[in-house]
Amino acid sequence: MKQPAAVLGVGQTRHRSKRTDVSIAGLCREAADRAVASAGLALADIDAVVVGKAPDLFEGVMMPELYLADALGAVGKPLLRVHTAGSVGGATGIVAASLVQAGLHRRVLALAFEKQSESNAMWALSIAPPFSIPVVAGAGGYFAPHIRAYIRRSGAPSHIGALVAVKDRRNGALNPYAHLQQGDITLEKVLASPMLWDPVRYDETCPSSDGACAVVIGDSDAASVAPGPVAWIRATAMRSEPTMFAGKDHVNPAAGRECVAALWRQAGITDPLNEIDVAEIYVPFSWYEPMWLENLGFAAAGDGWRLTEASETALGGRLPVNPSGGVLSSNPIGASGLLRFAESALQVMGKAGAHQVPGARVALGHAYGGGSQFFSMWVVSSQPM
Amino acid sequence: MSADVAVVGFAQSPCRVREDATTSGVEMLVPIFAEVFRACGLTRRDIGFWCSGSSDYLAGRAFSFVSAVDAIGAVPPAMESHVEMDAAWALYEAWAKVLTGEAEIALAYGFGKSSGAELRRVLALQLDPYLVAPLWPDSVSVAALQARLGLEAGRWTEKDMAEVAARSRAEARSNPDAQVSGSVTAAELLARPYVAEPLRAHDCAPVGDGAAVVIIASAARARELCERPAWISGFAHQVDSGSLGARDLLAVPSAAGAAAAAGAGPVELAELHAPFSHQELLLREALGLGEGVAVNPSGGALCGNPMFAAGLARIGLAARAVMSGRASRALGHATSGPALQQNLVCVLSGEAS
Amino acid sequence: MSQPLAESAPLRAPLEIEFDYTRSLGPVLSQFMAALAERRILGARGADGRVHAPPFEYDPVSAEPPAELVPVGPEGTVVSWSWMPDPLVGQPLAEPFAWALIRLDGADTAMLHAVDAGSAAAMRTGLRVRPRWAARPAGGIRDIACFEPCDGPAGAAEAPAQDTLPAQDIGAERTPGMTIAPVRLRYLHTASPGESAYLRGLAAGRLLGQRCGVCGQVYVPTRGTCPADGVTMTEEVELPETGTVTTFCIVNVGYPGQRVTPPYVAAAVLLDGADIAFQHLVLGCDASEVRMGLRVRAVWGETGGISHFTPTGEPDALYETYARSL
């Protein structure tokens, strides 16, 4: 019933705090053109387009796929726009994959973007409706208490978050597209940076970026004529749970655990730590690396931080995590999830350049959004199932 | 296209201005979920995939769709997604999911509380952000420009437009969910003043709040859930250029293209998402609907237009006509964007392929 | 806060969203806007030879950028129009005007803009119109203030209404390649029945929660629908003012409108008898003294509602009593 699908090409923009050299369409085309070219194709070869983006308020354009139809070569084609909060980039990749897997289209372009410098992300995330009394602003204030709870539950030493920040920023310096290029960052510098929402420090926090990411997904026939290696989509999974409910585990959310259980089952993976060669996971605040390692089953509950501390998640470790620099190095909100998916594909295609994990054959792409409630994930492989 | 998937249930809330409803949609959704589950003999735990359609800008809040997840009861966690479009496109995403085999039963829902927003102004933000939106051309005025093009090309008259409105209101009398209905002649309507010449009030959909839900199932399950499933024999959508001045506003190539891609063929009944009277005339032509086709027996969007649910409701109503035996082939249409820029067609049949 | 209509009617209040979006134009539109500032209009020649005015950034037919930009207009012909008897906020004119699709001389496509015709009777398809330029170009499409009939008198280029320009732009230099797009929208926000009941309870000095008839969990604030089960909750539960801090952060970053100067504690407070914590402030002690398990009680504000929570002085709650709510 389900047709095989593969990533044929990947493209992304140079992510920056303000891409004032391009319009919104120009930003999207930069990523789309690169993706299509890397697949040896033209926009005219694309059968359908799926656009993903976080809230319209960030750019002040309602339903921007309507404005972007011409720029994306979508006139006369099917066009969808997905919005699942922060996980949207991942959901965009999964929706695009399902159109191919359902046998509806041969080649689908997934494009996710955010040009959040046109407004102010903090403002857009903090608009309080009447009758609500905001206590904190922005995402950091929301997640910091859950990070505190993780540290308490796990007994993790207090410098673990800083280790992740150092690793991800140094990885980012190997990635020419990454917004933050901090090759000389040190543990001391991170620990000395201002505490924003205790226990989260400035250098442990993602930037606000303009950027776009595009992925071309094709069926078996399309993959067979692709000019270079492709990344076969071995499994996809999405799960959601409410923002708040009595008994919700905010540290190790059930939706994340059930999502990855479905994912590993579909992919035939029983020992993730040994079977996954590299993972691109959505870490906007550094402590989420050990938290997600546990949620994803790479470590037992309470032990995720040990993998980080032992440098197992660094390039060269047992499970390199975020060799691209991750969300901590670039965070165009709507695109970040697709960047994780795209970077996982680049790894198994052998196209990750200076941040390539040698011999990577099976990779995980992961995204989450909302109040740790929306999860989307995929497993890609250099070999078909 | 094989008809492996069928619509097995549909419900919508009565479309009207609701002082009690919020932009999260929960108050409008909880009762119609209960209704459709009862009709199908299902509970929320039977749904393999949920997909919704709604808009932050209609709500005035970022992430406004998130609160709607409360209405689902997503504990244990659910496979769920969302499009920032009319829920007809959420149904399309759900249909694709069922075709992959990842879900056997899927539910699409849409909701919109237009009465809380300055709808005409908000929709101006769908236009080109550099060249058009800064002028704030409201949605009614944009539709009026399209209507006049047709008048002056001899495609229709103001009387033809009024007749669409009069017929719709008469049909809507038998639709308990319609916002506007009644017995009025075209002549009486033409005597009323313009609101945005050449459009009069009756040429425009009323502003109201509402929600809709459709349940689809794969062949194995559909026959257990419904006596006469409405098989999806075709489902396609296309978009036209975003440049209002560059495209021919009297042609709707994306509607014709979607109908062709869906393998539409002759149908007995069509529910068209036409929030303006002249757009029904345009769509009839683009979709090749002959005189014998019953168009908008519900009264259509002209009699009730819950934003982001109206397109889904058209598909639901077309499916209901097939499920009730009123039609053996029916068509549901949805539109998105200014002046019919993007169009979707779903063809429903009483026969599995 | 708005006046409640009736005891059971939901609370409503206006909600305004406003922002002056700073848009970068990219190479094609930068040229177009630069020309507008000089009272020239450019169009783009498409792959099929048609000239588009205003120019496309990406051709609807080929998806390619324009091969060349060519001068068009400035005069043009109305190809369709509609009448705006009661202009809306932000539109080009404050007095009744026509919207029109205008084909500029030399162009094959139409441009959407306003025509200051005076009355609907003066408008017709085929009318010849010319741009009325803004008194001071700001670097956007509104540098054409509107169009006017060629056979009429030249209208004075007025300063546009205050609410159509960003406040900081008045007197500001135009930045090449950038344009500012103010967006102001008004909504009437309705609180859910659950939210309204909670707020009314607060006004009466009561903390109200609800118990779900399916899972039995007690939710506070009242919210109407159980998020776990998707059912309406009807059983009201009154909760005491005391509770436990489950977890928290110390906020050092302020934001506009925040009423407490950082550093302050934002905490999740689990009221005694509730099954879910909610966010609030903890004040009345040093931020460094707050800990997971701290026992707190509500402090009511002068204007009704809870101002913040403050330590009670009791021994901390055992971890097991609140671990489930983390």
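We just call them A, B and C in the order they show up, numbering each chain from 1.
Criterion: a residue touches a chain if its C-beta (ideal position, glycine included) is under 8 Å from a C-beta of that chain, and two chains touch if they have at least 3 such contacts.
Computed from a predicted structure; not experimentally measured.
Participant: Please list the single chain whose C-alpha centre lies closest to the global protein C-alpha centre.
Facilitator: C
Participant: Which one of the chains is farthest from chain A, going by Cα centres?
Facilitator: B
Participant: How many angstrom lie between the CA centroids of chain A and chain C, rounded to a whole number?
Facilitator: 26
Participant: With chain centres defined as C-alpha means, what is the inter-centre distance between chain B and chain C in Å?
Facilitator: 26
Participant: Please report how many Å separate the Cα centroid of chain A from that of chain B, as a whole number.
Facilitator: 33
Participant: Which chain B residues touch at least two other chains?
Facilitator: 57, 60, 69-70, 74-75, 122, 125, 127, 129-130, 133, 241, 243 - these are the residues of chain B that touch more than one other chain.
Participant: Where does chain C touch two or more other chains at once, residue-wise?
Facilitator: In chain C, residues 15, 17, 21, 23, 25, 29, 56, 60, 181, 183, 189, 191, 226-228 touch at least two other chains, as defined above.
Participant: In chain A, what residues contact two or more other chains?
Facilitator: In chain A, residues 23-24, 57, 59-60, 70, 75, 127, 129, 242-243, 245 touch at least two other chains, as defined above.
Participant: Contact residues on chain C for chain A in the complex?
Facilitator: Chain C residues touching chain A: 1-2, 11, 13-15, 17, 19, 21-29, 56-61, 63, 177-178, 181, 183, 189, 191, 195, 199, 215, 217-219, 226-228, 246-253, 255, 257-258, 266-268, 275-276, 279-281, 287, 292, 305, 319, 323-326.
Participant: List the residues on chain B that touch chain C in their complex, please.
Facilitator: For chain B paired with chain C, touching residues are 19-24, 26-27, 30, 33, 44, 57, 59-60, 69-75, 113, 115-118, 120-122, 125, 127, 129-138, 141-142, 144-149, 152, 194-199, 241, 243-247, 249.
Participant: Residue numbers of chain B touching chain A in their complex, please.
Facilitator: 50, 55-57, 60-63, 65-67, 69-70, 74-85, 89, 92-93, 96-97, 99-102, 122-123, 125-130, 133, 236-243, 253-254, 257, 336-338, 341-342
Participant: Tell me, which parts of chain A touch chain C in their complex?
Facilitator: 18-26, 29, 43-44, 57, 59-60, 70-73, 75, 117-120, 122-123, 126-131, 133-138, 140-141, 144-149, 152-153, 194-200, 242-251
Participant: Of all residues in chain A, which touch chain B in the complex?
Facilitator: Against chain B, chain A makes touches at 1-2, 23-24, 53-70, 74-85, 91, 94-95, 98-99, 101-104, 124-125, 127, 129, 237-243, 245, 254-255, 258-259, 370-371, 373-374.
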